[in-house]
Structures are given as structure tokens and as C-alpha cells.
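Chain lettering (A, B, C, D, E and F) follows the sequence in which the chains are written, and residue indices restart at 1 in each chain.
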Amino acid sequence: MKPIPKSKYKLAPLLAFGAHPDDIEFGCGGVIARETRAGRAAHFVICSRGEAGTHGTPKQRVAEARKAAALLGATIEIIELDGDAHLEIRTAHAIKLAGILRRVRPGIVLAPSLVENQHPDHAKLGRIVRDAARLARYGGLKELRRSPPHAIEKLFYYAVTSEAEPRDLSPVLVDISAPGIVATWTAAMEAHVSQTSARNYVELQIARTRLNGLRAGSSHAIALFPNDPLVVESLAQLSRGARRF
Amino acid sequence: MKPIPKSKYKLAPLLAFGAHPDDIEFGCGGVIARETRAGRAAHFVICSRGEAGTHGTPKQRVAEARKAAALLGATIEIIELDGDAHLEIRTAHAIKLAGILRRVRPGIVLAPSLVENQHPDHAKLGRIVRDAARLARYGGLKELRRSPPHAIEKLFYYAVTSEAEPRDLSPVLVDISAPGIVATWTAAMEAHVSQTSARNYVELQIARTRLNGLRAGSSHAIALFPNDPLVVESLAQLSRGARRF
Amino acid sequence: MKPIPKSKYKLAPLLAFGAHPDDIEFGCGGVIARETRAGRAAHFVICSRGEAGTHGTPKQRVAEARKAAALLGATIEIIELDGDAHLEIRTAHAIKLAGILRRVRPGIVLAPSLVENQHPDHAKLGRIVRDAARLARYGGLKELRRSPPHAIEKLFYYAVTSEAEPRDLSPVLVDISAPGIVATWTAAMEAHVSQTSARNYVELQIARTRLNGLRAGSSHAIALFPNDPLVVESLAQLSRGARRF
Amino acid sequence: MKPIPKSKYKLAPLLAFGAHPDDIEFGCGGVIARETRAGRAAHFVICSRGEAGTHGTPKQRVAEARKAAALLGATIEIIELDGDAHLEIRTAHAIKLAGILRRVRPGIVLAPSLVENQHPDHAKLGRIVRDAARLARYGGLKELRRSPPHAIEKLFYYAVTSEAEPRDLSPVLVDISAPGIVATWTAAMEAHVSQTSARNYVELQIARTRLNGLRAGSSHAIALFPNDPLVVESLAQLSRGARRF
Amino acid sequence: MKPIPKSKYKLAPLLAFGAHPDDIEFGCGGVIARETRAGRAAHFVICSRGEAGTHGTPKQRVAEARKAAALLGATIEIIELDGDAHLEIRTAHAIKLAGILRRVRPGIVLAPSLVENQHPDHAKLGRIVRDAARLARYGGLKELRRSPPHAIEKLFYYAVTSEAEPRDLSPVLVDISAPGIVATWTAAMEAHVSQTSARNYVELQIARTRLNGLRAGSSHAIALFPNDPLVVESLAQLSRGARRF
Amino acid sequence: MKPIPKSKYKLAPLLAFGAHPDDIEFGCGGVIARETRAGRAAHFVICSRGEAGTHGTPKQRVAEARKAAALLGATIEIIELDGDAHLEIRTAHAIKLAGILRRVRPGIVLAPSLVENQHPDHAKLGRIVRDAARLARYGGLKELRRSPPHAIEKLFYYAVTSEAEPRDLSPVLVDISAPGIVATWTAAMEAHVSQTSARNYVELQIARTRLNGLRAGSSHAIALFPNDPLVVESLAQLSRGARRF
């Protein structure tokens, strides 16, 4: 577990979408911490103010999200789609997100998984982001005429709970055992005071990460699920595998 | 498509298993060419002389395999299990292969896929190799007491035909479009004269590779199927994805 | 096959949703008969009047549904969503059904399966009910501010035909061989005269039930499909299994 | 590879749906050529003018589609749903397509596959067509009161790319090696000049067809994916299988 | 339901394998009756005498099998592998069956399904037959040197119970509603007196067939599961589909 | 979390099979503790002495297993099959285990899961136990002539690691939050000193149990995987479901 060197190449930004103010942090905050530490820019797009949740006011929750993003080294914006617990799958939403993709021009995109048996907004947002990533490439889309098309490199899904992990996609385990990453991530989760005071979400996430770490031969790891096959130029890029037990 | 630089780090060797003298070449020869070009050592273990095939004598087929391995920059050995078309799943075989794994001490292992609806020897060998990779790690195995345990880094499956591609594992596409790789690979396949004169196997493989290349945004690519989740330390290792159509 | 004793504990009510006036009866009427016989309250919510069907007027069909519900010992209400064969997946529908869940406060909920290759209204209603069961728990949903949140215990899917049986969920077989259950159920199905006079639906359901009964070691059984893992406090709750052939 | 005799029986028409002006040709044009050659009438319904694509104006693209349909011996109509890249799953669309099914009264229907990870319009159209094929049978649908119900015989999905091939449906391989079929098909694909000049789509499709041909023991074959089980009166109808490698 | 005309072409024989004396009759006897009625030769290979079953002596059971085969118009032979309830997956068995395939030279082969959760002999025999069908084609197999290689046309699996139906292969429904077929089949099942007197196997099979018939739009149908994609020269061969409910 | 009352009815014994001395404890020890606490007899059959493992001598490991079984309130026997890391799937093994099933006559049987990508002995033992449970029912098996046939009620699989959890079977979550159960289980795991001193297996299992507990709405739960559908006489048996996040 050696410190993470800043990359000497400029890394394309990472863009993460969340349906609610805390989804990104709970689902993949450790990966964000890892990437920003290495010098990659990260930007969050939050698609509701969490106004249908049992705990916390919209104002509180947005403030918590801003604090958490800052802790993770990410910028953040809040957008309006249909409101918390009201999200619908609409092409207009996909075009709106495609416009953001063309503006931010990320290499890597993170979105909630498509598994339906979770908060309904999560899987819907995942599908909207997936479609947005295609639409961002099509030159003739009149609503986006002013911004040049953009092709992302990779779309990964994150899972806010174990139930949301796709069973038909092989995971990639991101090792987050480098010093300070788990601490930063934990702080970002705990910034969502309105949520963590009600339920033991932080423990849930750390337990998942420990299990994946044990699989990966490190102390902590987070599973991401690539939407499309990975492409490598050499197997040297894939020198580690998870098979420790 | 720039030339492939020799790696400045020493890469752990690659070890590929084939049930018949031509399986490795037809299933993943382009990947072998790519890796040896970059300076990685590669070794082939062939588990029969192809004596049950319709075309070619065992002597001819072994000579073809030796020629092909040389063209790909790999060393080769022929071992005896149960004979062509007679392979059985036996622990004794897995222990024998585990012994080879402890001797060669590879980072990456390649084996035929586990899909059963193909030549029966292929899926059986894949399962034997998978189990061998575990046994190689166990310290108390008395048959292997003399060689120290070894844990491989990654086991990938290759598919000799489209039918053999696993549907439950997400593929990794290895870009083989660098200059000369496809030509070297084709020469290695054509070294199996006894087989290629009877059926158009080379065209089959090149067509598959073109389709995967079109997915990967390059001219040619080969799909491998990782047995276990990939582990990365940074998403920068996975900067490309297949989503071109 | 001994008679069913009334439960001495008060059982939480069962709430069943049907897209058309006869779906609940044909899909799981035998289970309803079994549960009401044991003293559990059952309530049906029918989401159209069957006005797009080939046989029967809306008025006839509603009358048939009321008669069938009475035979099964259930109460019934008819609600308006988008009309027969016009159902759309809308959050507004899920919120409406969540309101009903908060009013009825059931332990067990039954809904048509999510398999899409059947009457389009069935799978859509199944998804709306699944999402409604989540929304019913969220405290901040402004449309439902007046009724306290409610968490159901279990959501089961029923399949109106064999095609609609999910392949990715393990079934639970409910033994309905106790005296009188099949007769009551058959009477309830036959109450849908407009439908049964046109096609042999009753025979279809009884044949399915006989097959499941043979699996379960009883004369008749109905398969339900739990949306979430079952939770037990002891294996004594699960003392029977289906493995008779 | 003997010439295709005109059928002496009148074959029920084939109806193919495409989301964009070139989808049918690229996805299953060879099958169309094969069927019209045998005397079956074929009709295309194109659901957008391709106005969101990167290449070609709507006017050009419609002209290309008309030319391609004529080369394949098919009639064609262009309809308006939500526009290219804007398609939504709406019951109103399914009813509109059900009206076309009642007018054309086909035996065989072709639609894009339901796999979601492709152009979003494709999977959506596939689902709309599948639902339309059910609605076309229901007698009480008031919007379609004037046209008598119609039950199609078979719904097949086609896949515009390998990614779109369903993994949960067993394919049927249609042998298109009879003289002239591939040439006619290629001409129809090349009629889409605005598309083929930008990317090597024709090579992609021919490579896929060669691979399927090698599986089927012929020079070229196209995979279709039946939505429902096939029904035969005798195994003599199924005298060939794909198992050549 | 018109009578079945004798085919004017000579149909390649059908070869069915059963692990026990009654498996073929219970699993697919109706298909056998249908095919022999049309003039196709059928041959049964029974791989044990049922000596581990609870009911019937080996002698009785073989006599029952001979009677049933005669009723279905099939010839029969009994072979020895490892004995009832003792079958192992051995290459020697696959080669033995490959020898039978080369002798009988069938077009169509029927074998028990590969689903493992049934009588262990069934799935094992299915796998042995599948591998035998490949080995029968390989020219160099020394044990079979005296008989010329043979490539079958199609391998179908049958399922003795619902549990044994594969979930990953799309079924083909064989309509057996032509006059007399069900009666002949029932007589063949009832010839297994030692089995049918103990359990209601005949009712089980007829119920399954009725359900498949209702799917197929006929009175009775049997589901078979093709091991490999079907190949057709025209969609006219597939003019019927199952989608009646 | 109230104390567990002794059952007033006599519960059929539980029989658990382990490939190595610690598999049962690590895979499902908490369930054993829960069941014996309620008065159910439990018996362990251990099929090797762990002699191929990296840590611990066979003598030590057997002693650890005996101590752990005693802590869990279970009896134990050690049997010889092919030795640690040498297990083969043989009918003779299945018959041997069927003999044990006839002797112990359990209601519930626990075996390692069938997922192949784990220690090879685990999946093999799972398959042998599954087949043994069928053979135990067949009256004519000559090796077991002296003991009367026995039909178990339920076969559940346990998973020693997350990787071994079957993806095609819906889990049942057993709540083990009653006082003292986790402590007893932990003591039993820690009895395997030779293993726990080398790796953090106990933490791994507790983390898994916490995650399942969070799903189940309790502090700790263990997932078991039923081989066959559950059969219930009333939905009152299934009054809890896992859907807490």
C-alpha cells in the first residue's frame, strides 16, 4: 500500500450521476477518492434533492452533498428531472444528460446499476445515463446542435446495495487500500448526517468493501460493473485477478 | 497503430494450454503474438497429438505445432493425458498441470473455455486447468511436495469457435491491430497445413477478429474471458471500452 | 389432507392486484381460497374493467369479478389507471397504488409476474406494484403525506400462464390440497362466464396445479415467485420440499 | 445451392419494422431477399427518417430506403412516431402498429431485438412491436374497432449488430447461400450510401453472415431469434442443424 | 387434425436413447408415434434394465420396454453401461454410443436433457450422447476405425419431468394432435405396468402435453429442446408459433 | 431478539456434509447453532482430514473439527472418500453417502454449493450429496439393500465464500440474531486455530452475515440456497421478507 502518485498524463475527467444526494458517496465514493487523489478531475450530477426521503430536508441534503463532494475532491451540480421518487424514463431526460456529457466531456462515466429491485429512481437513472452516452455521439440531434458530439470511453455501474449488483456483468474490483482513501470516503459518507444518523449505512458499505478486498487480496475494494467489454492493448494492463479464497 | 515497445519491466510468463496441437493458435494466437512482441515469455502445453482427428498424422501435427509456436515466439511441450478425444476429468490430471504451473510460474494462464457444446476435450481441459490453478496454491499436496506453491495472477479462457464463447462472463477485447501481429498470427495458423487445407478455419478466425475489432474501435481484436473479476488500482488502467456501434 | 384450522393469531391482510377482472382468480385464486379459509382477510384491487377483451362487456366482467371475489372470501375494488390494454408505467400510478398499500396495510402482496412476453398490462402492473411497495415506505412523499408509511412483509408474483413464470426466481409451491379449496377456486374461475365459455382456461389452470402438486407430493399446488429472499427464524418453518420425481 | 423455386402455395406476407431507414437492410436484408425470391410478399414499416444520425439528410435517407426496399422486392411506408432518437414506449404506438398489423395481416413479423445496450430506439421498437402483435388479436380495442383482429404466426427479432443478439433465445439460422441472394442483399445495403460511406457496415454484416454460414454448413446464414417457441407438425420440418465445428 | 400422410421421401432414421426402460416413452413417446406414423424408422437404445428402481424386476421392465417400443413402431436394443443408478461419464461410453450412431446413421437423435436436478443417470446419459454425436464425426478414432464417420443432423433433448426442462434453450413444440397419436402413446406408457401402477406418471405426461398444446394452439404438443441452432432454408418451414394465451 | 424456545415437537435431524474439517463451520455454522439450540439433532459428515491444506496437520484439523462440532451441539464422523484435494465425482461415493442418509434419516441436509469456481472438492461434494439424496429413495439399489429407503425433506446448499453463492437459486435468509448464536458460532470457527491464525476467515464470515442481516432487518443472517422449490401449506409460514434497503 504505497501512496498514489499524481499521474503525469492529463486524465480525462470522471463524471458520476446520482439519483439522490447521497447515492454516489454510498455506492462508489471510495473510487472517486482514489481517482481524484491521482489527479483526475471528478464532477457529480445529482438529479434530485432527496425530498421524498424519510429523513432530512431538501436543503440539508443538498448541503450534505456539497460537503461530501468537496471532501472527495469533486465538483457538483444539482439538476431537476422529475423529482425524488418521481423519476420517469423519458427521452427528454436522456437528451438533457447527453448535453451534460458533451459539456463535461468525460472519459469515464459512473451511474447506478440497472437492477430494478431497488429504489425505482436508481435503475431508471442508470438506463437514462446509458442511453445518454449513445445520444451524445449522434451528430444530428437537434436539441444539442450547439455542442459537438462526444464519445465517452467507459460507462461503469455502481451498486448502492448488494441487491443492486448486476448478476449478468462480470465486476471489476477497484483496490482502494492506498493510505487515506477509506478515511476520506468514510468522511464523505458521514457528511450525510441526516441519513447516517437513522441507519447504519456506513457500516454496510465498509463491510461490502472488506469482502471485495478479501477477494482481491487487499484490505478494501469496490466492485464496478462495466456496461461494455473492456478493451486492452496488452494483458500487462490486467496483471491482477481476484481469486484469494 | 504504433509499434509495440518492449516492456522495460520483466513481465511474468504466459502459459497457454491446448487440448490439440492447433487449439491455442486458432483460439488466441493473436494474443500470444501480441504478448511475445512486447517481451513477455510464452509457453505452450499441448495435451494430445491430435491422433483422433480426421486429417493429419500425429507426427505431422506435432511438427506443425512446433512450427507455429516458433512463429509466435513461444516455447512448447507435448504432454500425455488420456489421448485425443479421450480426455477425462481426473484429479490426477489437475495435479499434473498444477505441477507444470509450479514449474513455469506464470502470471497469466490461458485455457479453452468451459462451454460444453464443442469438442469434448476442450471444456474438460478448461476445467482441469481451472482446478489446477487452485491446487498449485495449496501447500500440503503431497504429489507436489518438491515444488513451492504458486499463485497465478489471472486465468483467461479462449474460445476456438463462436459457440464456445461463454455467455455468463463479460469478455475483455485484446486489440491486436499493431503492425505485424495479424500477419504473424495468420502464419502460425497456416502452419497447421493438415487442418487448414481441409476447412476454412483461418477465415473463420479472422472474421471473428474483425467483428471484435469493429466493436473495439480497431481493425482486429480477440475476446478473452476472465475466470475471476479483474482487479485494478486505478480506472486509468481501463481507459478504453467497446461501444463503437 | 386435514381441514384448515382458523389461525389463533390475527394474520395481516393479503392484498392482490389484477390488471383485468379475472387475472387474480386464474393466476392464484387457489392461494386466496387457502388463506381466507384460515382466517386471513383478503382484498382485491382490479385495475381495469377488461373493456379491450374479445369477450364480455365491462359491466358483465365487473359483475363476474365481484361474484368471484365473494366466492373466495375477498373484498374487491375497481380502480381506473389507463384502461384495459392501455396501461403505461407511470410514477403517478405507483404512488396511487402506494396509497392503497398504506390504507390496506397488508402483510402479503400478490401481483402479476414481470415476464414481458404476456398481455402487456400484466408485466407493467407487476412493476408498478413492486415500485409502489417501496414508495409506501418513504416518509417524505408529498402526495401521501396524510397516511403513515407502511412496509409490507412479502411481495409474491403469480403467473396467469406458464409463459409468465419467471425463470430467474425460485418458486414457492403453496399446497392447496386441503378439502374444498380446489372446488372453491374452480367456482371462482367459472364465475368468469364470459371468458370460460370462449376458451378452456379452467382446464389450463387445473393442469398447471396438478403438475405442481405432483412436484410437491400433494394433489394440487400453485407456484408463487417471491420478489425478495425469504427470511426465516428456523428451518422448521421450511420442513417440506418439492422433489417427488 | 440450387435456385429457389417459387412456392406454389400462397405464402402469408412478411412485415418488417425498422426504427431507422437502414435497420432492416443491415439487420436481416438477406432474409428478405430470400423470402421475396420465393414469392412471399414483404412490406417495410420505417418509424423515423434517421434525422438524428451523424450522416445523411432525412430526405436522402428516405430515398435510400425506398431504393433498398425495391432492390429487395419489398414495399415500404414511412410512419411518424416520436422521431429518430426520441422514441418512447407508449401504448398509443403499440396500438398504431397493431392497426398496421391488422391491415397488412402478415404471417411473419420481423422487429429489432429487445437487447437494450444498442441504439435506444431499436430495443424500444422491438418491445412496441411485440406488444402490438398481442393487441392486434384483442377484439375489444376501441381504437381499432374498424379492422378485424389478426393473429400473426411468428415474431422474429433481428440484430443490427452482434451486441444486439439476445443471449436468452436460441437462434434460428436462415441459409442465404442460394445464388444471387447475398448479391441482392449487398446491393440493398449499399443503397444506403450516406451510411456506408462513413463506416464499414457492409463488411460487418457479411462477416457476421459468414460466421453463421460456417456454423450452418453453408456459405452464408443470418440468425433470427424467435420470440415464442416454434411449433412443428413433424421433425421433418427441422432436418438441418448447426453443428459444423 | 387431418391424418398424417406417409412421406414420399425416405426420411433418415430417428435414434432415441434412454437411461432406463421407460424414459423414452414418458419423455417423448408421442413424438416417436408421430414420426413412425409418417414412415420414419425409429430405434431405441436403452442403457440399463432399471434394476435399481423401486418397482419391477429387470426382466419385467425389459419386457415392458419391448412391448412399448413395438406399440410405437420402433425397434429396440438394450445395452450395458454401468448399470441403473450407477452411470458414470466416461469417454469409453461416448465412444460406444458413437459406434451405435455410425451403425444406425440417424438424422435425428433424442436424448434426456442435461439438467442435473433429476435422476442422475438422465443428465449423464444426455452428456454422453452429446459427446458421442461429435466423436461419431472424427475420422481418426481408432476404436471405431471399421465404421465410416457419420454426422447427425439434429440432437434434441427430451425432459422426463418439468424439472428437467432446460431453461437456457428455447423449446420446439411438436404438435401431436393428429388422430390416434395420443392414444398410441398412452398405450406405450401403460405398457410399463410395473411403473404406472405405483405412481400417476401417465397423468403427469398428459397434463404437460395439454399445457404445451394450449400454448401451440392444438390439443396436445410435446416440447423438445434443440442442442444447436435450427437451420432453415426458408421461413416457410416455420410457419407456426406458440402464442395462444 | 427473544430467546429460542425448545420445540415441543420432535424435529427430524439435520445432516451436514463438509469436504474439509472446517467447511461446515465457516459456511453455515450459525445455522447449526440456531437449530441445535431449538432442540434439533445435528450430525456432521466430514469427507477428508484437510491433509492438502497449507496449514495444520490432519490430526490437528480433525481435533479442531471435533471441538467445533461439540461447541455447536453436533455429533461428527470423519469418512474417507478420495482424500483432500483429490475428490472425484463417482457413483460409488454417492451410494456411500446415500447409505449414511438412510442411517441418519435426516429431514434437512446441508451441502456445499455447486458453483465450480471455488475449491474443487466443494462443488464436487455438493453434486455427490445431491445425487445421494435421490439414490437414498430408490428401493432396488443392491449396495443398500439392508437399509430401508429414505426421502429427505429439504436439501440446502451453503457457500463457504461469496464466490460460491449460486446465482440461479433464490436464497433463504436464516435470522441468527437470537442471543448467543453468533457467539457460539464464532467460538466454533475459532476452534479451527490452524486456519484462523493464518487468514482472517472469521471476519469474512461475520461481514457476510452482517450484510445479510441488514437485508433481513436483523443483526445477522446466513443465506442458504434450496435445491428444490419450497412447499408451504400457508403463506403464514413465510411472513417475513428481505427488503430493508
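Please note the rule applied: contacts are C-beta pairs under 8 Å (C-beta built on N, C-alpha and C of every residue); 3 or more make two chains touch, one makes a residue touch a chain.
This one's a predicted model, so the numbers in the text were calculated from it and none came from an experiment.
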| item | value |
| --- | --- |
| Interchain contact steps from chain C to chain D (minimum; 1 if touching) | 1 |
| Interface sides of chain B and chain E: same vs different residues, half threshold | different |
| From chain A, the most remote chain by mean C-alpha position | E |
| Per Cα centroids, the chain farthest from chain C | B |
| Separation of chain B from chain C, taking each centre as the mean of its C-alpha atoms, in whole Å | 52 |
| Whole-Å gap separating chain A and chain B, where each centre is the average of the chain's CA atoms | 35 |
| Shared-contact residues (touching 2 or more other chains) in chain E | 215, 227-228 |
| Inter-chain touch pairs (all) | A-B, A-C, A-D, A-F, B-D, B-E, B-F, C-D, C-E, C-F, D-E, E-F |
| For the chain C and chain D complex, residues of the former touching the latter | 50-55, 82, 84-88, 116-117, 119-120 |
| Touching residues (chain side chain B, partner chain A) in the complex | 4, 7, 11-12, 14, 31, 34-35, 38, 40, 107-108, 133, 151-156, 168-175, 178, 215-218, 221, 223, 226-243 |
| Complex contact set, residues of chain E against chain C | 118, 160-163, 167, 200, 203-204, 207-208, 210-211, 214-215, 245 |
| Complex interface listing, chain C residues touching chain A | 90-91, 94-95, 114, 127, 130-131, 134-135, 137-142, 149, 227-228 |
